[in-house]
């Protein structure tokens, strides 16, 4: 039985109690890690990525730090040093290790980290069963959403880690059929100029950076009916896209040259150990090296590349407001973490669903042209959790829509993901606008 | 006669012909350099800064490349190699030297560069006298605005260069009196929510990045009646501002620690050669080291510092739309390049003018919270000049209002300056909003 | 039963057959790794260090590449990719991975690497039982000495890896008593000027860099009767040794300041997470943090520090010729890898032996003032193995005598170890001369 | 009149008084700088190189600091800040500027530095005329030798500075004829094994690092009758010398690849601004770009390249003892600074002299295989001047013989120059041994 066939849990639906949600989400994290050895779970291939084991520990640290320690009477820390060891970046909680050293922590072992998770789970179940405090309940939901964010990072980080191994090992066995259906022709969805409202409002969970809901004036615009495909992106490459400075932002051009980029991350055209070109481009996936499927949405490109492609195509990237306006009435359907594929399927398919989708959700995050900034009237959460989002509002761009590594229950039209312009290791693609 | 007393020229006014404008602006550039030796004019103290001599040559190269070569019949290049040597970054015009090597060009000499300027001036006068082509006339105006931008950079770059000299030499003699008047109390100017128009429209010159004029919806806001002063900023420092991570953006905090920042650039509290603190803070100016004047607007701070100060003060930085709305009806009066001071005066004074000003223009550029992006419908200029502004729309923040090193005729309410968040060597300050 | 009590094998003695030697040495490597988890064995804390697992694989690769592949008929590679993956630096054998990526190889797993070792062992036993070829026999002995070198590196590299973990974990349980006996007073051993012979000659194994034996003229000299102790080194520190530039080589002084060195590697005087000094210096060992024992020889110092200490003491470091002359008639007795302590004992003790030793062998490698160069008439081995030693004869210094991590059967008076002047992670100490 | 024709002064001969020597040497420094503008004299193209103006000031600082201040009664410093500003690296004299900032010092001007020189000269003449103190006289001679060392550095540093200018400007006009005569065939000079004495002894000036004279035992050896030529080196390049790792030291191979070296420094085979190869190799000289003369000794190569060439040729580099033994009875004749060529002439010619020379002296420094270490019994000079030589005895190799930029009166058979293995900007070549 391939892991990919199992869709393990349906989480965070209205019909589930908080305890059921907690259990399902925590279990999903461990389901993701199936197939990874304790050694795999130690790999840190770059400072931006973290070892799987660290993610497993840090998400438990989050519950311990923000919930068990302050709110569960008589709670004793699992291990005194973990307070320091698994703090990611919360300065208000004291010192934390340099993030580039996370891959050196052979101790605690993977088994100890699993014990830590079990210990935290046991106490969290206690807390959930007794608390009625609105603030505590809200923090638990935050912790679950935090866990879901790290589910995605586990996948993207270990993918980069295994890619860094000359053996290019597969972590998952490939799904039965891997060829994506032919995408539909790209069409333009048109919107009128006017005042629109974007951002989150209401009782459901959202991160502070999605609030407050506010009005924006938007000129009339058109947005593409589906993301750009590998085949379309290959045309850009073959047209000299990576050798024509006039297509690039100044920083992008410098990066292309400094890094020697010739295509998206994970595309390979020649062996590391010989000079010969491969007969056809390959792409590294969680299933190891696979032939590049031209019908899939292009993925693992930086903002610089998305922007250059759009300029080459005579278009531009949408702003985050435009994207949200267009996505607001789309169903949250597509290819998510739950499929267990951890890889995009066709640019407007939902991996076997009957109805084609417009690809607004799932498959690949879509770069917008919007720098990540505070919405008017934005107020960070009080206390150390205020460091969650607000302090990163500088030199990052917003991505929208979620990916094949995002839990379906985690995403929504107002969701704002953000990464620096050079980042490529998330499942990042693009959708055109004009 | 002190250089500072001379206000040499009134430029770009409606009453001046294009030839008069050309002559006045080019002469102003040379007036700025008075007091600098040929050796001074070679200094390049960091890759971001350029030598004075390079600025003098590059601005002439601009006229030669974009006007004389294509439009003046029979024009012969002053020197074949200069096409390469003084190209700053226009990739479409071919290769250019690495910008960090500009300080190594002892040849051509300062004298040859002056000859180059004279040669270009002579031919530009010919071109101006014969051309009636609207496009050519428009390009000439662009060249003059380009020259004015480099006037400001000459001042900021040489200031940094002289600062890098342990002798901390003065370049200008100090003005008769250097104590700024007590600023007025800070008040809040209030604006209603609504649809506003920002950006440039009309026949006067503006850069492409100021267009098109467009509507924005803005929530109600308040903006301070004057910039923050040195005295106020010193309170922030004394309150531990540089040691409290919760006040800073994540990147800002990393920068503060990596660079060891303890205050604005050019403030010094102890000698380079001894451990003893100075009795009072000093500040490096074009007149050498001077006592820090608490009534002046704070200057030479990064975006990170401006943002942290605002958070400490319980406020925020204005967006560029808010700033422009507030500035739109303010007179363009204040302390500009023409005063010859090249240093801020009081936070709401106009350096001797009768009427106090609100400091929207002149003295110090004001950081806004707006990343530098394209306005809706933005189209870069065609051809190589399209590289002027658009390709830098990434990882920069917008500053507004001009400074004591900006020509008065160059600035306007819609003008968008932009620098990376860590930059400090321009005359950069801040104004609060909430 | 503590691992430290077991002295597992007596290797490479005249009485052992080559097969017995092979078996004993290979088994010793695995004995060293006892107590390390598969996760521990992946840690690479700096590019200079390698993961334990890599050492285990690379030493097998060495036998496979230089013996099985060319000399065992019908031999099939264990895994095609390992030829590439576990090549350290032999350019003549083709490409090899960047050494700083060795810590990323979660695959092959520790278990697969153990299989690889077993597979190689099985075939090596076949080869040993059939071959009579002198060259092959000689290569096997080289392979065993190579394995012994990596035994030492396994210890020093994992020690550095565990040190990089904020938990400062112990890998071995401490020996019953850890206090070293009071060292004898330092005396001076005197030698006359004259022509001496140094270097290796004869049928026993030695590395090419120890040959040929040759004459050197040496002025009269004195050499200390024992290495410098922690207590003596602490006097140097307390006398401002790390703050007085006149005591240091220029490069050494730059390094001290750039790295912020205040004492030997692994000494700690305050916690990572608080500002408070510890009541007494501690030192990190394979048994975790321990109180600093002033009677032990000082260890984990760079050439720069050894040189500065000697200058402070009014002495100098011995040349390698002086050291070898003095050591030539000393017994090869002391504290070696076989003790299982993996830590120095008293400066002139043999860890429990009745007779005091002069500490020429075991405990700590001793820096000499001799740069690592070719002996007159030096010829590297033919073929790829010629890259073993010769190509590193640049910017390294010679160390002599072996350490507590060196196999006793591996060391001899003519043995030349070499490291760059800044290296500290080997068990490096010093002995004075004048 | 070409500068090159003038041989200005004959210095430091027995027949000259100390005052005459002082005057001649100081005048020579200024003669070297003829043809350099004040702007040229500010160029610092890499941290290892210093601006001409800095050399002019620092050599005067040396006399002021070590002679005038302590020994001339009533002496007043020329400028208080110069004590700090022009200290190169003497830690015992207090702080000094970071050496990479020397190129930023537009102030003091070139003219002020000339005033400084005149002021120091005037007072040095007073001191010379009154002192009879042996120590003072000895220090003056040291100061003159220090000045001569900086004469060579002025030439090599400004050559590198002008090379960094895309215009590749000439500083001197070329000599009438620049083609070197055909070198004689390379022969081998043979020496027997035995005890030899090397190093300096006697009343003439020598640096501390040349002492004490001492015995060395040397095996029989052969040394080439002349340095390697450009033509011979080109054979090495054409035989793939820069692409064959087996010829290189490990660090050398890393450097070749990291730096992209394909030949000696200053050789160019294609334009910076186009991809086309030049019809024939050119070489940058003080006379600008010139055709590469195959009969000249190869120059501007690193130790790595010298070592790789020797290995390719089936030879090795001589040790410094071998070189000194062979050179001891050679006349100190050849192509020195005094010729004003500042460029090598034929490999065994003396630039027009009747008798061919063996090229031991002048033309190019010759890399030896000897790391720069202390001679047995070496004692640095007392006081701050002890930092002159001893503290650099780490990671440098010895070069012997002087070059076309070395004053003839400055060089001798025992003279030890030293540079790191990667350095190329001095006039460095090689002579084979075996």
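As written, the chain order gives the labels A, B, C and D, with residue 1 at the start of each chain.
Note that a contact is a pair of C-beta atoms (placed from the backbone, for glycine too) under 8 Å apart; a residue touches a chain by one contact, two chains touch by 3 or more.
A quick note: this is a predicted structure, and the numbers were derived from the prediction, not measured.
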item	value
Cα-centroid distance, subunit A relative to subunit C, in whole angstrom	45
Cα-centroid distance, subunit B relative to subunit C, in whole angstrom	59
Cα-centroid distance, subunit C relative to subunit D, in whole angstrom	39
Numbers and ranges of subunit A residues touching at least 2 other chains	none
Graph class of chain-chain contacts, one of line, ring, star, complete, other	ring
Pairs of chains in contact (touch as defined earlier), listed by label	A-B, A-C, B-D, C-D
Subunit D - residues contacting subunit C, complex	89, 91-92, 195, 214-219, 245-246, 248-253, 303-304, 316, 319, 369-371, 373-374, 376-377, 386-387, 391-395, 421
Residue ranges of subunit C in contact with subunit A within the complex	37-45, 81, 84-85, 94-95, 97, 101, 103-110, 161-162, 164-167, 169, 272-273
